[in-house]
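Letters are used for the chains, namely A, B and C, taken in the order the chains are written, and counting of residues starts over at 1 for each.
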Amino acid sequence: MGMKKKYFQRRHIVELFMKTIMRIALVIVAGALGLILWTIISRGLPALSWDMVSQVPKGGYYMGKEGGILNAIIGSAYLASGGTLLAILISLPIALYLKAYLGDSKWGGYVRLSLDVLWGIPSVVYGAFGFALMIILGLRASLLAGIIILALIELPIMTRAMDEVIRRMPAELEHAAFALGSTKFEVALRVVTRQMLPGIVTAVLLAFGRGIGDAASVLFTAGYTDRIPTSLMRPTASLPLAVFFQLGSPYPEVQQRGYAAALILTIIVLAVSLGSRWLSARLNKYTVK
Amino acid sequence: MDAHIQVKNLNVYYGKQQALKNINIEIPKNQITVIMGPSGCGKTTLLKTFNRFLELLDGAQISGEVLVDGQNIYDREVDVTEVRKAVGLLAQRPSPLPMSIYDNVAYGMHIHKMKSERKEYKAAVRHYLEIAGLWEEVHKRLHDPATSLSIGQQQRLCLARGLAVEPEIILGDEPTSALDPISSQNIESRLLQLKQQYTTVIVTHTLRQAKRLADYVIYMYLGEVIEAGPAREVFTNPKHERTKQYLEGLF
Amino acid sequence: MSRFITQDITRTEDQATRSSAALRTRQDQAAKRTFFIITLLPVFLIVTITVALLVRAWPIISAYGLSDLLLGEVWRPNNGQFGFWPFILGTVWVTTVGVVLSVPACLLVSIYLAEYAHARTRSLAKPILDLLAAIPPVVYGVWGLLAIVPFVDNVLAPLSDRWLGSVSIFSVTQPTGFGILSAGIVLAVMISPLIISVIYEIFSTVPHDLRHASLAVGATQWQTIRNIVLPQVAPGILAAVVLGASRALGETIAVLMVVGNVPNVPTSVFDSAYPLPALIANNYGEMMSIPLYDAALLGAALVLLVVILIFNILSTLVLQRMLRRKWA
């Protein structure tokens, strides 16, 4: 029987060709990540100094004099943590309700659709919306406004990520809890929350990462200032905008610091991303699979 | 015995678990061989080494040889698609491709460019649908989607699709387990008719089906071949205690 | 005596259980109602955003009319001229280039991961895509500025000038590197994790039985993918591309940093452009000082929002339908 491979048969050539260009495409995508990290590290690292992360801008900072961007680091920490906390308060109930009452029903589909659509709205539109709202309400740019807008941006990401893990919860576990006489609410609260802790943590960190990196929305709502905010009603600086503004400067020293600020932001975001991966792998040990 | 498939020192591991232990058997040409044994004994695994389907599973490791007509199909030089063309598979559940009845049968022939003209394809589709005993039922709606057929018809369609690429061997992985009794019987009678031209290997877990079909029997237990031989001998006078127990329905 | 006590205790226990059961049921119902209201929040939010922008943009829409606004080619806020056309075209150009560059590679990568790659390769690719998705837009902007703009300026523009100069969409008239192509390259990378993960997910909805049926008659893997799998997932791929495009449409900071921001109607990929999001973000500071300027910018946000909503709703509906098949 002629089973020997005929390497020059058209279909074998096509197979090999497709496989090769697929591998090349994968290398290009992975290479892009490498290139980005390399660019940011190689340009940011030389400009990074202890002053940058420990000082607020001093007089003449934006002309290349002393100071740092502690204001932006703290500001971003406030903004993203506040936004994330607020988002958890809304996301968790929605995700639990989707699981406990809606499941894969039609209405559940609509809620998920609305969340996905919300997810797709770009942050500049959220920013413009926040701005419009602030004009209507007569408010000024503030930490609070920034937190609220970031919470809205994080909301769909967090909820959908939670929903994805919660809906995958083994049905037997849920049935066991029902069999023991729990109401749906109790089931949702106890079993689901505890079982889904790793997924929920991942979802929260995912949303936090998105929140801390978002620039266009805080531009409109949180403003920018050289001081560390002391109240929710004050404006605040943020890391993405610190990068953005410093890069716009005509002074090379200031631009350099912009690169360093980008490196700081990248490190934070990657740490959050890798941290969530590690954490969920650890927490996963304690759940029923 | 005129052996069509020879298995030599075949071992299969799923990760660290050994699924097949040192299998050495021969499968006779143009007869129906039935592989039987309790579930989880490795009969499907063994069957899927014959058309190299096992390597589709992530983490399955295979060592040893499977010779078809004296050619080791695991040889580096061998084209896996040619192996699968020569060794057809009838799956546990019918899996019609998402296309018309006609295109299902013509699919493999197109893949291998076996014909050159439309007319030839048409004639071949008719021929294999007739062999599968489906022509009468479907010839008026050849261009309907294959999924519109009943499950039993779908399985016969899959048989026609498999035969259309002119294999020498037909593998059946519990091919009637998803079917109603009448459809099962239909498939069984097709297989009996076809055994003159094709070497057939069937995995089954029902002893009755094995008795109805088998010319040659392989009895497996926990990844090992316990006994293999002509059906009459094995069924009437099993040599091994385990086979005897199985035939008596002890487990 | 002791018998009565026992009875008594039983009764109290019974009552206690009953009232606690009632309480729990009530608690359940209250929770259900509260939760239900919360699920309306996303829809409410979408409507609120649209209405708020519409209200603030209404003065300019009523003063100029929608078509003059959208198709007007002149943008001179100081003269009261607000034409969105150059910005709309800029958005279209940048998005198109980004999608065209991104989709082929994304398609190949997702097919590879879904159909060919070993579990080990997949588990390596996942964190890479996660990290690409996690990098903030402003960092993409910095990368674009430091790496892509010089690359376009020093490598691609001269090459194109030499070999493709006669083709108008590849002609180089403003050799700075800042422009549509740079923005498109940055966007292509930015939207790739989304497109790849959506297409990958869609591929996993195709049952293994179908692939096996094709492989069993001796088809190669690529033949199986092309003849059996791709036709099944085609609508999902289209939806993934639309989703990626809508992500690109709204991208602001990264694009703004590399696109040049010149409000002309572009004719070549090497031209500068000024997409809508960049317009909104760049001018928010001045918008309260010129009459109708704020209305114009919020109107621009509204235009963006409407287009993105349409894209998103359509693609999400298709994807939901396809993914439901997997869970059903």
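A few comments on the model shown:
Rule of thumb we're sticking to: a contact is a pair of C-beta atoms (placed from the backbone, for glycine too) under 8 Å apart; a residue touches a chain by one contact, two chains touch by 3 or more.
These numbers were taken from a predicted model, which means no experiment stands behind them.
Of the two chain pairs shown, A-C and B-C, the one joined by more C-beta contacts is A-C. The chain with its Cα centre farthest from the Cα centre of chain B is A. Between chain A and chain B the centroid-to-centroid distance comes to 51 Å (mean Cα coordinates, whole Å). For the pair chain A and chain C, the distance between mean C-alpha positions equals 14 Å.
Between the CA-based centres of chain B and chain C the separation comes to 48 Å, rounded to the whole angstrom. In chain C, the positions touching at least two other chains are 220, 223. Shared contact sites, meaning residues of chain B that touch two or more other chains, fall at 81-83, 86. For chain A, the set of residues touching two or more other chains reads 11-12.
For chain C in complex with chain A, the residues that touch the partner chain are 24-25, 27-28, 31-32, 34-36, 38-39, 41-43, 45-46, 48-49, 52-53, 55-56, 104-106, 108-109, 111-113, 116, 125, 127-132, 134-143, 145-147, 189, 192, 196, 220-223, 243, 246-247, 249-253, 257, 277, 280-281, 284, 294, 297-298, 301, 304-305, 308-309, 311-313, 316-317, 320, 324, 327-328.
By the touch rule above, chain A contacts chain C in their complex via residues 11-12, 14-15, 18-19, 21-26, 28-30, 32-33, 35-36, 39-40, 43, 90, 93-94, 96-98, 100-102, 104, 109-118, 120-129, 131-133, 135-136, 152, 155-156, 159, 183-186, 188, 209-210, 212-216, 219-220, 240-241, 243-244, 247, 258-259, 262, 265-266, 269-270, 272-274, 277. By the touch rule above, chain B contacts chain C in their complex via residues 51, 53, 56, 58-59, 81-86, 88-89, 91, 93, 95-98, 107-108, 111-112, 158, 161-162, 164-165. Against chain B, in their complex, chain C makes its touches with residues 118-119, 207, 209-210, 212-220, 223, 227-228, 231-232. Contact residues of chain A toward chain B in the complex are 1-6, 11-12.
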